[in-house]
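Paired with chain B in one complex and with chain C in the other, chain A is shared by the two complexes that follow.
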Partner chain A sequence: MENLGIETQYGANAFLPGEMVEGTVSWQLDLPAETVELRLLWYTQGKGDQDIGVVSTVPFANPGLADRRAFRVRIPEGPYSFSGKLISLLWALELVAEPGSRASRLEITVSPTRQEILITPRPPVG
Partner chain B sequence: MLARDNPFAVQRVLEIRYRLSGLTWEELLERLAALRFRAALVGPHGHGKTTLLEDLGNRLAAQGFRVRAVTLHEGDRRLDAAGRRAFFHGLAASDVLLLDGAEQLARLAWMEVRARTRAAGGLVITCHRPGLLPTLYECRTTPELLAGIVRDLGEEPPPKDLLARHGGNVRNALREMYDTCADRPALRSLASPQPLPE
Partner chain C sequence: MPTQPLSNRRSGSQQPTGCLLLFFSLFFFAGCFVFYVALLRPAREYLASRSWQETTCTVLESRVAEHPDSDGDTYSIEVVYTYSFGGRGYRSDRFGFLKASSSGYDGKARKVARYPPGSRVPCWVDPLHPEQAVLDRELSWEWLLGLLPLVFIVVGGGGMAWAVRLRREAKARAAAFPLASAAPFGVEPPAAAAAGGPLELRPDLSPGGKLVGLIFLSLFWNGIVSVFVFQLVKTWRAGQPNGCMAVFLIPFVLVGVAMVLGTLRQFLVLFNPRLRLTLDPGALRLGETAYLRWSLAGRASRVRRLSIVLQGREEAQYRRGTDTHTDREIFATLTVTDTGEPFTIANGSASFGVPADSVPSFKADHNKIVWSLKVTCDIPGWPDSEEEYEVVVRPAGAF
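This part shows the complex of A and B:
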């Protein structure tokens, strides 16, 4: 059975804009991978079409069938993690092995408070 | 309920694949071969034509065909440059062309597509009405189909009249379900943030 994993240092899952994320990735594959890379990305989810932004990728050279590597990736200044009724913007670290699009994802939060920003409807005036 | 938790978020709905009714995938592919791989998936808006076309493309690719797909949107009366490259350049018998929204094309543009894609191994289109190519499959929707989709998304069955209120348009019915869920109180928050130690 194939297994891909992402661990951040101290198990952190909430980061400030501009902060450095450090951690390790590991994988155990049944079939060899030509490439294994870690992606830092944001994506939207909700009522409308999805937008995705891949902010940075960390390739791991000469991936073995079973391997463990360290990574460092810097969080950009934005966008922040937020959620409302119509749309959420989510951040994730994603480890992808190709071919086969074998992947694992770790959701993270990016904001100045390290909390997801909640968008609430403005109460009616008067 | 927040968008990320809404079971009817577009990304979750798109994971639901087309459910054929009255025939199997093998029978559909046999029918397509009998039509020399030139055929149409027919149905009104929101009846699953695009999803079926995508699934058909995946099955044809698995059979060894090289699939080239073009999607037309409201008002696209002719293929754009990328579409023309995909459909008119270097065609071989191993190519199957998928054209989503063929009814958008002007008559002359459609005639050009038909004439210039003869070298391809196949041309499968979606359109709202029959007539452009022989009909391979007519996409229909039923309250049972909608209920099955809603069940697969982990929700209670929808109101019985929901599909009828949307004229059979499953996409719009699911949008209404999204709004209904969005008005519910938030169920949960993201996992407690675990910041890096200072």
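This part shows the complex of A and C:
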């Protein structure tokens, strides 16, 4: 059975903008992969059509059928993880083996408070 | 257990834009063809016939032809007549310029009754092509049916523009993969404000721009409708009022009147005092204070109340079938000023801040966080000015 995994250092899953994420990825594949890479991406969920932004990729050279590699990737300054009435923006690390589009995903939070920002309507101020 | 990678997708659904373009092109070109045949060509002939020469023709046959159809029978006028022009005899069967048949027998029967076989009636002949003649060159409400293909043209043209836009967006997304780190929030402040300096704000749509748009729309609509209103007035003057046509035209005329009133209102707004807004710094930051200065050029004393609010909203664009919808949800409203003091209305400033725990501006293809200043100048007995100025809210701290 195939298995792909992502682990961050200390199991962290919330990060500050600009912070460096370190960790390890591992995979065990039935069929050989031409490429295995880690992608850092944000995506939206909610009422609108989905938007996705892949902000960086970390390719792993000469991937074997099974391996374990370390990675470092820097979180950009934005956008922040937030959740509103219509839109939620989420971040994830995704390990992808091609061909076959085999993947594993680890959801993370990116914000200055390391917590998702809630933008529920609030009463007028002033 | 492996899953499907989300990152292999691109923003939005992957539409086969080539098929969409082809589909809407068929609508568009079919609409153009029918519009040409049903209205443009007859209209061109109608205009050309104003210079044709009147002569007398002899009616050989006249009848209302019936065309059975599963959706209901339709009728057309068929008249055959002869005439002489330039010493030569001609024969024609063209009654009017509209060739399509339509429902409604009685009106056509009344017309045919005016052309009994053997009668000598006036007809009009093209002096350059004497084989071309027409018996009836009056406009009737049936000409309005020629506008129906416009629906296909608008739907087809709009769909083509949409398909082209989808294709461009897909290309732009492909080119922007991965997302440029220079604009992590998908939005950048104007160059003048990027360095932290003040910025004179411009409304999203100027009063003059709105007026030009309304004038264009109003002229287009009322230009078409007025042709038929003119014909209707002629029937009233001739003592043969056409009630059906009048009822049919009422909604078209009402829309036209509303457009004229809207245009007039926008014209009056041009004479309102002009607001000048300067934001310092030009790009706001979460949790930081900004200063807004305003001055009214013109007769500021006419303004009874000036209200400026900062508004944050979510905008989510989505497709349902072939329609694109945008939902908006306001999540923050902050009053910058709301004053009735004449001196402060004419010239004033206020400080305000975006809450530190809120979100910066964000723009993706379909999802946005938009911050804007909404300004209302309340003028008694006169159309108010209502304008929106989008502003960029950056995260706290520099990046």
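Some notes on this structure:
Here is the rule we go by: the second predicted complex is superposed on the first by the 123 of 126 C-alpha atoms of A that agree within 3 Å, B and C clash if a C-alpha of one lies under 4 Å from a C-alpha of the other, contacts with A are read in each partner's own complex, and residues count from 1 in each chain.
We adopt the following convention: a residue touches a chain if its C-beta (ideal position, glycine included) is under 8 Å from a C-beta of that chain, and two chains touch if they have at least 3 such contacts.
Everything quoted here is computed from the prediction, not taken from an experiment.
Superposition of the two complexes onto chain A shows a clash between chain B and chain C.
Greater residue coverage of chain A by touch, when chain B is weighed against chain C, goes to C. Applying the stated contact rule after C-alpha superposition, one finds that A:Ala14 touches chain B and leaves chain C untouched.
Of the two partner chains, chain B is the only one that A:Arg114 touches; chain C does not reach it. In the overlay built on the shared chain, the residue A:Arg102 is in contact with chain C alone; chain B does not reach it. By the touch criterion stated above, A:Thr57 is placed in contact with chain C alone, chain B being left untouched. In the overlay built on the shared chain, the residue A:Leu41 is in contact with chain C alone; chain B does not reach it. Of 6-14, 24-32 or 330-338, the segment of chain C whose C-alpha atoms clash with chain B in the superposed model is 24-32. Shared contact residues of chain A with chain B and chain C: 46-50, 84-87. By the touch rule above, chain A contacts chain C in their complex via residues 1-4, 17-18, 39, 41, 43-44, 46-57, 76-80, 82, 84-87, 89, 92, 94, 96-97, 101-105, 112-113, 117, 119-122, 124-126.
Chain contact summary for the complex, chain A toward chain B: residues 9-15, 19, 45-50, 81, 83-88, 90, 107, 109, 114-116, 118.
For chain B in complex with chain A, the residues that touch the partner chain are 1-4, 6, 8-11, 175, 178-179, 182-183, 189-191, 193-197. Put simply, chain C touches chain A in their complex at residues 1-13, 177-179, 181, 184-186, 309, 312, 314-319, 327-336, 338, 352, 355, 357-360, 362, 364-367, 369, 395-396, 399.
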